[in-house]
Structures are given as C-alpha cells and as structure tokens.
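Naming follows writing order (A, B and C), and every chain is counted from residue 1.
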Amino acid sequence: MNVKRETTAKPAVMDTLEISEHQATVGHCFSDNAKMTMRNVNVFYGEKQAIFDVNVDIAKNEVIAMIGPSGCGKSTFLRSLNRMNDTVEGCRVEGDVRMDGEDLYAPKLDVVELRARVGMVFQKPNPFPKTIYDNVAYGPKIHGLADTRVDLDEIVENSLRKASLWEEVKERLHQSGTGLSGGQQQRLCIARAIAVSPEVILMDEPCSALDPIATAKIEELIEELSENFTIAIVTHSMQQAARVSHRTAYFHLGRLIEVNPTEQVFTMPEHDLTEAYITGRFG
Amino acid sequence: MDKKKFENHYMKQFDEELEEIRTRLMEMGGKVEQQLQNAIRAVSEADSKLAEDVIREEQIVDDMELDIDEACILIIARRQPAASDLRLVMMVTKAVNDLERIGDEAKKIANHAIILAGETGTSEGYTEVRHLGQSVLKMLGHALDAFARFDVAAAMMTLEEDKQIDLDYKTALRELVTYMMEDPRSISRVINILWVVRSLERIGDHAKNLCEQIVFVVHGKDIRHR
Amino acid sequence: MNNSMTNLEKIRKSLSRRNRAEGLFRWAGRVAIFLGLMAVVVLFVDIIGKGHGAFRIAYIELDIDYDPEKIGIENLSDPQQLAGADWQALPKAALNKQFPGITSRGDKRSLYGLISNGAGYDLKDRLMANPLLLGDQERVWILTDDDIDTYYKSWLAGEPYAARLSDKQVEWIAELHEHGKIRLQFNANFFTRGDSREPEQAGIRGALVGSLFTLALTLIFSFPVGVAAAIYLEEFAPKNGWTDFIEVNINNLAAVPSIIFGLLGLAIFINFFHVPRSVPIVGGLVLTLMTLPTIIISSRAAIKSVPPSIREAALGMGASKYQMVLHHVLPLAMPGMLTGAIIGMAQALGESAPLLMIGMVAFIVDIPGGFSDPATVLPVQIFLWADSPERAFIEKTSAAIMVLLSFLIVMNASAVWLRKRLERRW
C-alpha cells in the first residue's frame, strides 16, 4: 500500500487525554492511490453533530477498519460513504466525499447508482425472506445486469462462489435464505452485495451476531475479497480489525483520532487515546 | 513513561497481573545480580564455598524463569494484550531469557572459580577479572534500575557502558595473552581466567539487550542490531 | 442486617404473600374467561334454540289434479293465460277432496287457510318445469301457512299454541297427522327466496346476495385506497405537523359512530352525486368510508412491523424506495393488511345503522342481480324481521342471525388461515 506520511506532528503534551477542538488526525490518513477521499466531512443529526471534520482516504483494494467506542461515529461515517444516511430523518452531511474524484453528494448523482457501486453488509444478517437464488439475483435484476436467465444463473453462482457459500447451498438454491445459519446468512448477504460487482464494500460490524467459527469464515472471506474490492469495515472487535485490515482508523467522540497501518496501531499506536482504547484503559 | 502507564485498565485484574510479572522480573533481576556478585567474589577471593552456593542457587533462577514465562503466556492467552501491554509482556519474556542466561554465565564463572581456587600460583589476571567484573555488575545494576523506572534515558546511557566493557574485555584479553606468553606454566590457569572474562563480556551483552527492551517497551522502537 | 432475620428468611416470608397474589390474579383471569365463554354459550344456545326450527317447515300432502279447467288455462306458453290463471285453485280443490263435506263459507276459508297462499305458485313452477303434468294427477307436499306451521311445531313439542287457529283447523291437523299427511321438511325456501310478507315464504337469499354485493364493493373500494394511504403515510410522507394531524384524524374517524357515516353517505352520495337509494353501490361506498380507517390503521401497523433491516438491505442493494416497498415491504406486510381488511369487512358485514340512513332498509322481494339493483343486507333483514308482528318471524330472525354469525366466523377463520398461510419468518 502506498501511504503518505501525515505531516501533523504528534501532540507534544501527552498528559491530557482530552481532545481539543481542532485536533488533527495523526498517522497516515492519505493515499496516492485513493479510491475514496473524504475532506472536512461533518455529519449532523438535527442539531447534534456526530462527525467532526474527518479527513481520510481509502486506498484501492485496501481493507480499512474503523474502530472506536460505541457512539463514536464510526457507523455514521461508514454510512455517509454510500449515503445510507439519507434515509435517516434530519441527517445532514457537509464536506467533500468523493469516489474516483466524483462528488458523491452532488445534486445530480443518483443514490441508486451510488449504492450499486458501493455495496453494504449490515450488522445483523438480513437476507430477504426469499429463496437463496432470489436473494443473490435481486441486485442484478433491479439494475438490469443480466440479459438472460443463463447470465443471471452465472452471476448467482459466481457471487456465491466468491462468498464461499456455493458448495454449501448449491443443492438448495430455491429454499429460503432465512433458513440458513447465521454465518451462512451473512455470507449470503455478502454474495448479494457482490452480485452487482460493486467497487467498494462497506461492512457494518458484520460479525457481531456470529459465533467464532462463522466469524473466522467471514474474516477469511474479507481477506479474499480484498483482492478485487475495496473494503471498509466497522468492528467492535479489535482483534478482528487487527486480523483483517491493512489500515485501522480510530474514532473517538465523532473525531478521527488516528489512522495508521494496522500492525502499527496494535503494537505502538501514535495517539494516547488510541492506546488507551486498544489496551482497554480509561483515557 | 512511568509505571502508571500499565494501570487504569477497565479490568483491575489485568493491572494486577501486569504488576505481578514486573515485580517478579525485578526479583529475578535482583537474584541474578546477587549470583553474579558472588561469582566474581568467589573468583577474586578464591572462595570455592561461595562458588558452590552460586552453582546451587542457579536452580532458583531457572525456576523463576519458568514461572514468569508461564505468567506471560497466561496473560497473552487471557487478555490478548495490545500496544504497550503487548510490548511489556513480550519484553518481559525476552528479559527473563536474558536474565536466565546471565545466571548461566554466573554459574560458569563459579565453576571456573572452583578450579582456580584449587590451583596455586601467582595472582596474575585477577585484577582484570575484578575490574571487568565491577563494570559488568554496575552495568547490570543500571539496566535493572532503568527497567524498574522505565527510564529510557538511563537505558540509553547504560547501553553506552557496554562499549567500554567491550574495550576492557579486549584489553584484558591482550593482558592475559601476554601472561601466557611470559609464563607458559600459567597457561591452564590463565585459560580459566580467560573463560571468566569471556563470561563477563557475555553478561554485558545480555545487559545491553535488557536496555534495548526498555526502549522497545516505552517507544515501541526496536533498536536492536543498529 | 439490622435484625436477626436473614435475607433468606425474609424472602421466604414474602414468598407466600407473593404466591397468593399471583394465584388470585390467575383466578381472576380464569373467572373473566369463564364469564366471557358463558355469555357466548348463552347467546348461541338462545339463538340456536329459537332459530333451529326455521330450517324445517310443515308440509301437507295433497293429491293435486292439474285440471286445465280449474286453473283456467289451455296453453302453457301463452303469457296472458298464465297471468290470468287461478293457481291457488289447484291446492284448494285438493283440500276439498281431502276433507269432503265442508260447505260453509267460514269453514272453507279455514280449510283454505291451512296452506300457504303461495302454494299455487309453487305448483305453477312444477307445472312449468314439467308441462306434461297438465291434465295429470300428482301427490305433492304443499307448503302450509305460517300459523299452521307454528301450531304444528308447538303441538309436536307438546305445548300447542292455537291462538290463531280455529277449532276446525286443529282437528284437521290432528287428522292429517294421524294419516301421516303432514310433516316437517327441510325449508329450502329460506335459502332460495327473497323477503316476503308471508313468513313461510320469506327467505334470506335476497339479503345474503345484497350483503355479498355490498361487501364486494366495500372491499374493492376500501382495500386499495386504505393500503395506498397506509404505504404513503408510513414510507413516503415527510414526518411533520401535517402527517401528525392526518394520523390523529384517521384515528378519530375509526371512533366515529357508524350512523354518522350513514348520514354522510346520504348527504354526499345520494343528495349530491344522485346515486340511487337502496342499492349495493351506495351501501358499499358508505361502508367503505366506515372501514377505511380500520384498514389504514391495521395496514400501517403491518408495515411498521416489517423489520427495518429488510428496508436497509433493499436500499443498500440500490433499490429505489418504490422498489423497496413493492418488492419487500408490501409482501411482508400483506398478511397483516389482509387480516385487517377481513376484520374491517366483518365489521362492515355486521353493520346496519349507516345502511338504514341510505334506504337499504326497504322491503325488497326480488333477489338483486347486480350492483345497482335495490337490495338489503343481512343485519338489516334481521332488523326487519325482528320488527315484524308475525310469530313465525321470531324463529326466522334467529335463523338469519345464525347465518350472519356463521358468515362472520367463516370470515374470521379465513383471516386466521390467511395469516398463517402467508406469514413469513425473518
């Protein structure tokens, strides 16, 4: 990964762990090979500000993990990347969010197209109460990606294969997707997301409802997917962030505190708040 | 960075476990320091009884190593430490290894002390042993002090002491070679002293490792092999 | 611990009190359910007890001689002759043959009073169905008059009610009974005929068909409108003062007494739009007004119960809001919506007050053949019969209530079945 060194120096005074109003993010925020760029992003829920002045790049084909305590704004941040925040009443996003240089909040941009390019996997496995086949075929159908039934079959099979689910479900493609186990359901959701060949996949705590074995399978899958997709993942499990991500971003009270290569964040984080969080201390 | 750095975990038990391995490492350091002191005294005063004590108590140091290692493995398994905690635990496992090796070297010195005490002859070489021994002992003491306070500055200064020890070691070698050339009858005795001096130099290296670990714990920077 | 009792002792001490309270609560619940069940049982026993008789009716066996002269007809295909024919003469002649020697006018009237005054038309229907019978003879079971039917049933039950019968008639019935020439038969007329002034000829077919037409219209009007309104309010409308205002008013509408909807229908549909009175169209429109709030409220509840994760999944896949609703929310909410609609329909089925206001209370003999034919509905029919003086209408009323109740039970059962059938788990 080609990551530039952020110029901001490490805060001189380490005694106070309070964050100042103009706290700049420490670490490696920017990339020469950016897929998505965020500049001065602020997110509001009504009067309440949830995200403060975030600047970060997401590089092509990287896995970037967002960690931080509950309510730190990491999910809000993730959802501002495919404008899922639009569905929340009173939510407002300021600043500049771009993908391949294109402004995602431009008035003429259609969110339907955006969400076809930026897929999302949610915390709770949420397959549609339809068959496994229909779940995966849904995206290609509504976006008109398959011309013939044969094409559609192929897309479904490929997506399920990429999500390492094909072998488990090929005999029962026309049974309900909700009858699968939790881990299989989540992989089905991933298959559904990749069926429309997005460029970026957002994952919002994809393993928080799963057991360790199912989690391991998803993590392995994320590793494989990162060859073809750019992945941003929000997780509560620091070990998971350490295992799957290339870079880790730490959010605290709506501010992006630190972005650094994962191996650095988990061995010698730059900011004391990050250190306090990942070592389980009160800062 | 001070000791405070390893407190304030949401899990109090974790604080205690980290404190525990630190304390036990310090105890082990103290024991090893005492072993080394006794070994050097046994050589310079030709006290074979003291040397036997050192050899016997080597077992205590070995047991301490096993205990601390086990505690570290338990912490890794149970707490999955990260960042500074992880560095501390890793550092402790390495430091324990270094201390144990120092203990081994002290035992070797004691072995040679017994042989030397059985021989009669001149006191050539004892000055070098005493001189180098004091330097190494001081350095080990400084390293352990630095570790107790996580004092990077002190650790860096202690690192410099190793260079002096290396110089002293080379000087001592030259002197000992001179003795052997002057009086071939003393060769077997001087070779024993040579082993002692060599052990002291190795202990200096281990003390240096300890100091490097301190820098790693505090700054997360690995300054080995640089 | 401030006294010698340990916590365990304290807990034990309070345990019996708590268990007693719980036991009491359970018993209160059981008593409530028992009382409710008793009320239902009493209702059913009473209605079935009164109404079961209506499904059977007394017939007298007579030898009918299809004598063209008596009827005053020669050609069955001549409408003018058919219209002028004296059909009642046929059973009268048969009665005379059965009880010969009756000469006085009063006795003759009593004798002819044994049979229904519609008996002649029944015979006409037989003859029309089988013209070869003309000039032939046949033994036929003839429908009795309602008073005779009432007396015969009460006489069979051992408590003769003869107030409206002459002594002669009582004798004749005893004689007929002796010869096995009077008996109770299944009352097919009750299900195949419209209303009548004569209880023995009155049926509920007209009201039943009227109810079906009215309900069909109500469903066609209210379900799509109600569902569309619910979807708009839940999924598309911005949450502001206006939608709050609308929501409050929908809830208010659900609580408006139904007779007000009748007045509204009278004012708007009949007086303003000049929809004819007494027809299923206007009835359906009025009942639509009444059931709309119910359907909107239950549909909104059904839409709300669709988990937000499904919506997120659809939007996250790039579905437009319209696709999200059409592909995911609607199918998942459909069982709830249908249940709501069926319950609304059941309510509409049992409603009479608003229909009284729009003229569906008229006495209508003909079975309606379409949405614009004058009609009445089951509850109104019950109201009309309950209001009639003839004693025979008492059992008809109860029988009609039984039909209405079984209709309601079928609807509610289908609601449950639909819910079970369509319900999906997620």
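Please note the rule applied: a contact is a pair of C-beta atoms (placed from the backbone, for glycine too) under 8 Å apart; a residue touches a chain by one contact, two chains touch by 3 or more.
Since the model is a prediction, treat every value here as computed from it, not as a measurement.
Novice: Could you give the fewest steps needed to travel from subunit B to subunit C through chains in contact?
Specialist: Step count on the best path from subunit B to subunit C: 2.
Novice: Based on Cα centres, what is the most central chain?
Specialist: A
Novice: Determine which two chains are connected by the greatest number of contacting C-beta pairs.
Specialist: Per-pair contact counts point to A-C as the maximum.
Novice: Taking the mean of the CA coordinates per chain, how far is subunit B from subunit C in Å?
Specialist: Each chain's C-alpha centroid was found; their separation is 102 Å.
Novice: Suppose each chain is reduced to the average of its Cα coordinates; what separation in Å results between subunit A and subunit B?
Specialist: Computed value for the inter-centroid distance: 49 Å.
Novice: What whole-number Å value describes the gap between the mean CA coordinates of subunit A and subunit C?
Specialist: 60
Novice: Using the touch rule from the top, collect the residues of subunit C that touch subunit A in their complex.
Specialist: For this pair, the touching residues of subunit C are 239, 307, 309-320, 323, 327-328, 332, 424-426.
Novice: Given the complex with subunit B, which residues does subunit A contribute to the contact?
Specialist: Residues 238-239, 242, 265-269, 274-276, 278-282 of subunit A touch subunit B in their complex.
Novice: Over in the complex, which subunit A residues touch subunit C? Could you list them?
Specialist: Against subunit C, subunit A makes touches at 82, 84, 87, 89, 111-116, 119-120, 122, 124, 126-129, 138-139, 142-143, 178, 189, 192-193, 196.
Novice: Can you list the subunit B residues touching subunit A in their complex?
Specialist: By the definition above, subunit B touches subunit A via 7-11, 14, 80-87, 219-221.
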